[in-house]
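Listed next: structures, encoded as C-alpha cells.
The following pair of complexes shares a single chain, chain A, combined with chain B in the former and chain C in the latter.
Right after this comes the complex of A and B.
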C-alpha cells in the first residue's frame, strides 16, 4: 500500500482544484528536494502530492513595467541562467548558485525554498533585499504579502491549506546599483549556510550612498532588512570607519532580535565581518 | 500507477507505486543497478542520472515525476561498439577510478556538463562535480579525464 498518491497538475487552476479536493490531504510538490528528504524519516503529512513542477504559469521569469515577476516553480538553475535576473537581481543569482550542487539546483525551486522557510534558506536574503512580494492563490482568491510577513518563523509561513505560491514580484533596483551575496558554509558546495548575507548599494555623483539594502540569512528567525544599518549609510560617504561601524551595528541588531544563543559567539564576529565586506563590495569602487 | 517515459532512448512503461524514488524504480524495476544508492538524501551524487538534459539526483526524484521525461542512466552511456565511450575510456586512462562507486554519478555529471558546455575550464568542471563525492581519488584524475574528453570532442567537431 503506497504511503501517498501522486498527481500532476497541468495548470494553476487544475492544481488549486486538486489541492482543495475534499476527503484527502494534498500538498504541492515542486522540486521535491526537501519533501523527499523529509519523508524518508517522517510519516508523510499528506495523502497525495500534486506535482506543480511543469505548470507553465509557474515557470515565468519576466519584466512587467518596473517589476520583475518570478514563478514559484522556477528552479535555481533556471533563475541563475536567466539573462533578466542576471541583469537586475545579481544577488539572487549568486545565492542560487550557492545552493547544493548542480543536481539540487536543477530540481529545487525558489517557491519551495521560500515555503519550506528554513532560517538558512539561501534565497531569503536576496529576495528580502529586493523587497519581494509573495503572491498566493487558492480557490478562494488571491493574496499578496511582503516576504518578510509571509515567513513567520523557521519552517513556518502564512500559507494556508489549498493555497499555492504562484509567483514573486519585486521592483527593478535602481540603475547602477551593485549587488552581492556571500555565504559561509562548511565547504564551498553541498553546504547548508551557517551564515549568509545579501546587499545592494549605489553611490551618487558625490560618492555618497543613495541606495542601500542589507539582509542576512541564517541569522534571525525571520528574514528582514537591517534598516538600522542601511540608515547609517544613506547619504554618507562609505569611509572605512563607517563600514566598520556598520558591521558592528549589524551584529548588535541580530543579537537584539535573537538574544545570545549557543551560536552567537561565532555569528557575532562573522556577521560583523560579512556585513562590512558586502557593503564594501557594493559601495566602494 | 503506470509510469511511461524514455529510458536510455527506449520508450518504457512500468507499473509501480507512486511513492518510490526514481532511484528505486531504476534499480528494482528495471534492474539498472549501475546507478548507485549512496546517501539517499542528495548529498553524494552516486545516484545521479540525466533527466531531460539536466543532472538530477535520482534519490530526490519521485518515480512518477519522471513520467514523460527522457532519462539517461550510466547504462545509456556507451561507445558506438557497445563498449566504454571516450569519457569512460579517459576515466580508465587517467586513473580516475579506484573503488568505483562514485563513478557512474561522476560520468553522468561529466556528460551533463559537456551537453551544456562543450569546452569547460577546469574550474567549471570542478563546479559541475561539486555534488558528487569521491573518497578515493582526490578528484584530480576525474577532472583530468573529463577535461581530456572535452578537448578531444572539441578537436573532432
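Right after this comes the complex of A and C.
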C-alpha cells in the first residue's frame, strides 16, 4: 500500500490552511472514488490527504434568490435525494442516479467529479446545461468561473494548488422547463458512460421552443453546450424533421471539435439518436 | 415414479449459513503465526528467451526468506494434462505476459514485492504469434514445444467427426448456407481471486490449502515436481469462491510455488493474487473462429453440416485438446444429418493461455451452430422452433457420430416447454409483423425480438478418460454421519447433493450428515471435478456407499427385532419389525456396534464403457446427453445498439432433479454468465497484452442487467444416473448467447456473428478497434 498521511478538516478555513501547509504536498479527499483507484496503480502524487468530506459548508444545497448553490462535497446520493434539486435540476438528479452503484453514489461527490474532469463524467452534461459557475477558494482569496472555462481538457482543470472547489451555483431554469438526462453505458449499472446527454427545454404558448439547452458527455474533451443546435430550435416548432436535423447537427458539431477518432464511427450515429431523443423528450408533449 | 423422502425436495444448502454469515474462511482469510507472503516475478513481454536469471539480489532484500526458480523443481517443474508443456516456473522461455519466472517468500507483502523487483532477469524478446489464423504459417515464430513428429510446433491438436460427404451434399442442395462466426476469450470472474497456503510438516512434507477443482491432480503434481512421496503431500480444499473451470492449472502452479517455498523456508507461505494479477495471469475460455456449411431440403429437412473451427489455445495446451474434442462432438448441434464433417484445430499463440471454462468448447460452438440453424430456418421459411422440432434428436435416433440414443432424450419436450412458457407464437407473430410495418428505421426506434436456441451436452468426461468416483460414509460415536467424496464443491452445490443422497439411502435426516471438504488424506481419488460430473459420478458413488452401510444397519435391525430382512420397514428414521414397535435408529446403530459390525462403508461407481475412434471420427462419445432449449426476448435500441434482455425462459432435461434450489441456482447463474458472454464480456489481446485487467474494463452483468428468468426442468431419466439424474452446471449457460443473438436478429434483421454483441456490433455491424498498450499489464503486475 502507498504510504501517506491523512487529516480531516472541520471547516473550509482549516482545510485551506492544511492544504497550504509548507513542506508537504496535500490534496483534498472528498469521496475518494477517483483518488483511491488512482493510487492503486500509480505512485501517490501527494504526502497527505486532507479529508473535506464532512465539512458542513461544503455540504449545502440551497436556493439563494434565483440561484441554486450546491456544495462541492455533496454526494451523488445527497444530490439525488434533495427536494430542491429534484424540483429545479432534474437532469442533474437523473445523472447522479446513473453514477456507479449505490456504494459509489454514497461516497462520490459532485465536486470530485468536476475536479477529476473525466470526459465521461456524468455530472458534466447537466451542470453545463444549467450554466453552472464554479466557486474556488484559497488562502489568497476567491475565484469564480464558468464550468466550461474551469475544465481545460480531460482530467485537466484551472484549479491551483491550495485551492478548493467550495461550491457550484446556477440560475434556476425558467418555470415549466423540462429536463432530461440519458446515459449510454455497456451495462445498466457500474458502467462508464459511452455517451451521455442532458437537455433542458420549454415551449411557448404557440408551441415554439423558447428555451433550449443541450450538452453531451463523453463526446468532447471539454464540456460545452451545443449552442449551434440550440439556435436551430429556438423560436421553432419542434417538428420531426427539425429534431432529426438537430440530431445530425449535434454529430457534426462533435466531429468538428474532436475530428475523427477510433470511436467516431459509433458516436456519430449514437449521438444523433440521443440528441434527437432528449430534445424530443423536453420539447414534444 | 418412486416417492422419495429427500431427493428432489427443497433442502437447505449445507454451506449456506457460513456463506451468509461470512464465517467461511477463504485462503485470503487464513493466517498462521510466522506465515510468509509469496509473490511471483512475472513476464512483462509476450515471448522471450530467458538470458539471465539471478535471484541472489532478492535474497539480500530485508525480509526476504526464500526465492525459487524452475531449478528448484524436479525436471524444472514440467507439468500439464493431457499435454505436458508448462513449467511451475518458466524454464528457458516465457510465452505469455504474466508467466511466472521466479517466486519470492518474505515477511511482508511489501518485502516480497521488493524481492521480486530486485531479481535480475534479462529477457531477449522473440517475435510472437498474435493471430491464430497465422499460427501454422511456415514462417510463424515457434511458440509451442518442438514436435519430433514433423507437425508444426504451433499445432496442438485436431479433432474430427466424420459421417458421409457433407460438401458433396451441400453442392447439390437447393438450400444452403455458408457463414463464419467468432467468439473471443472469456474470463471466469470468480469472486475469489487465486490464493494458496502451504504449511511445512515436521516429517519433511507439506500441507497445501488450495481452492482447486481437483485436489488429487494437485497432489500428484506436487509429489512429482517436489520429488516427494505421495504420503508426504496433503492437499486440503478450503471453501472456494467460484471457479467455473478456472481453478485448475493456475492453482496447481501456485500450489507448487508456495509448497517449495514452505519447504525451503520451513515456514507457512501464502500467496494471494490481486484482481489484476488474476486477470492477467489466469487462463481464459478459448477464442474460436468457426466456418459452417449447412444444407437443407425445401421442406426444412436438414441434410448436411460441415464445421471447421480454429481454436486459440494461447501459450500453453492446458485442457485445450479436451476442449477441442468436446467442441468437435457438439459442433453440429442436436440434429440429424445425412452427412457431417467437423474439424477443430487447436493452435498455440502468445495470447495469454486458455483452458477449461463452463461449457468447455460447447459454449463456443453452440453460439455458432445455433445461429446457423436459425439462419437456415429463415431460409426455408419455417418458424425457428418448428424447424428445430423437425430436425432435432429424438429417442431412437442415431447421432452423426454413430451413437443410438436409447433413453433420456428430452429435447423436443424442452422446445415445446419454452414455446409455451415464453408465449412464443404470439410474440413471434407480433414482433415479426411490426418489423415488416416499419422497415424504415428511425433512430428512436426500440424494437423487440424473440429468439431460441437448443442444446445437447454430453454428460461427464465421455471419451476424455476413465470415468469413476469414490465415496465414503461412516457413523461417528455421537451417531452423526461423516461422508466424503474426492470431488469438490466449488459452488456447484454437490456437497448438498451428496448429503441428500446419503440421507435418502440411509433413511436418516440430512441434519445428521456432515459432508467434509475433500482432503487427499481422507477422501478417495475420484477423477477431476469437471464436466458437470459430480451429481452423476459422485452421486452414484455416494449412493453405493450409503446402500452398503444401510445393508449393515439392516442386518443389525433384523437381528435386534428378531425378524427377516424383508420384514423390516422404516418409519421416519426408526426401524419397524413384525411387532410393529418402532425402534429408534440410534438403537439399531448401538446394536450394530455390539455385534462388532463396521459402521463405515465405501462406494465406487464406474461409468459404462464408451469408445471414440479419434482417427475415424466416430463412436460413442458420451454415455448420455443433457438436452435443453432457451428463449430470450430482447429490446434493441436501433439508435444506439443497446440491447436489453427483457425476458428469459429455459427448459432443461437434467434426467432427475436431486436438489431443487441447487439446480435452479445453477440454471440462473449459468444464464447470467451466458448473457455476459453474449453482450458485454470482452477480452482484448493487443500484441499479447490483455487490456482488461480489472472489473472496470472487464464488464460482467449486474443484477439490473439480468431479467427475471423462468426455468423449468424436464425429467427424462437416465438409467445409469443416480435416481435418473444427469447434470446441469455447464449446460445452463451454453445456449444462452445464441438465444440472445437470435432474438437480436429477430428484432433488427441484422445478424451479429461475432461475440460479444456490444453496442458497436449491434449498431454498425462490426466492432471498432480501440487499440491498446502494455500499460495496464505493466501496472497490474506491480500493485503493492
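Brief remarks follow.
Please note the rule applied: the second predicted complex is superposed on the first by the 283 of 285 C-alpha atoms of A that agree within 3 Å, B and C clash if a C-alpha of one lies under 4 Å from a C-alpha of the other, contacts with A are read in each partner's own complex, and residues count from 1 in each chain.
Everything below uses one rule, namely that contacts are C-beta pairs under 8 Å (C-beta built on N, C-alpha and C of every residue); 3 or more make two chains touch, one makes a residue touch a chain.
Bear in mind that the values here come from a model prediction, so they are computed numbers and not experimental data.
Of the two partner chains, neither chain B nor chain C is touched by A:204. Within the superposed three-chain model, A:107 lies in touch with chain B and out of touch with chain C [touch as defined at top]. When the shared chain is aligned, chain B comes close enough to touch A:77, but chain C does not.
Of the two partner chains placed around the shared chain by superposition, chain B is the only one that A:8 touches, whereas chain C remains out of contact. Of the two partner chains placed by the overlay, chain B and chain C both lie in contact with A:40.
Residue contacts after overlaying the shared chain place A:189 against chain B and chain C alike.
When the shared chain is aligned, no partner comes close enough to touch A:62: not chain B, not chain C. Using the contact criterion defined above for the overlaid structures, shared-chain residue A:265 touches chain C, although it does not reach chain B. Using the contact criterion defined above for the overlaid structures, shared-chain residue A:149 touches neither chain B nor chain C, since it reaches no partner. Residues common to the contacts of chain A with chain B and with chain C across the two structures: 2, 37, 40, 101, 188-190. Within the complex, the chain B residues that touch chain A are 1, 17-19, 21, 40-43, 45, 48, 54-57, 59-62, 64-65, 67, 109, 112, 127-128, 130-132. The part of chain A that touches chain C in the complex is made up of residues 1-2, 37, 40-42, 101, 184, 186-192, 194-195, 244, 247, 262-263, 265-266, 269-270, 272-274, 276-277, 280.
In the complex of the two chains, the chain C residues touching chain A come out as 443-444, 637-642, 644, 680, 696, 699, 701-705, 758-760, 763-764, 768-771, 779-780, 783-784. By the touch criterion given at the top, residues 2-6, 8, 29, 32-33, 36-37, 39-40, 44, 49, 51, 53, 77, 100-104, 106-107, 188-190 of chain A touch chain B in their complex.
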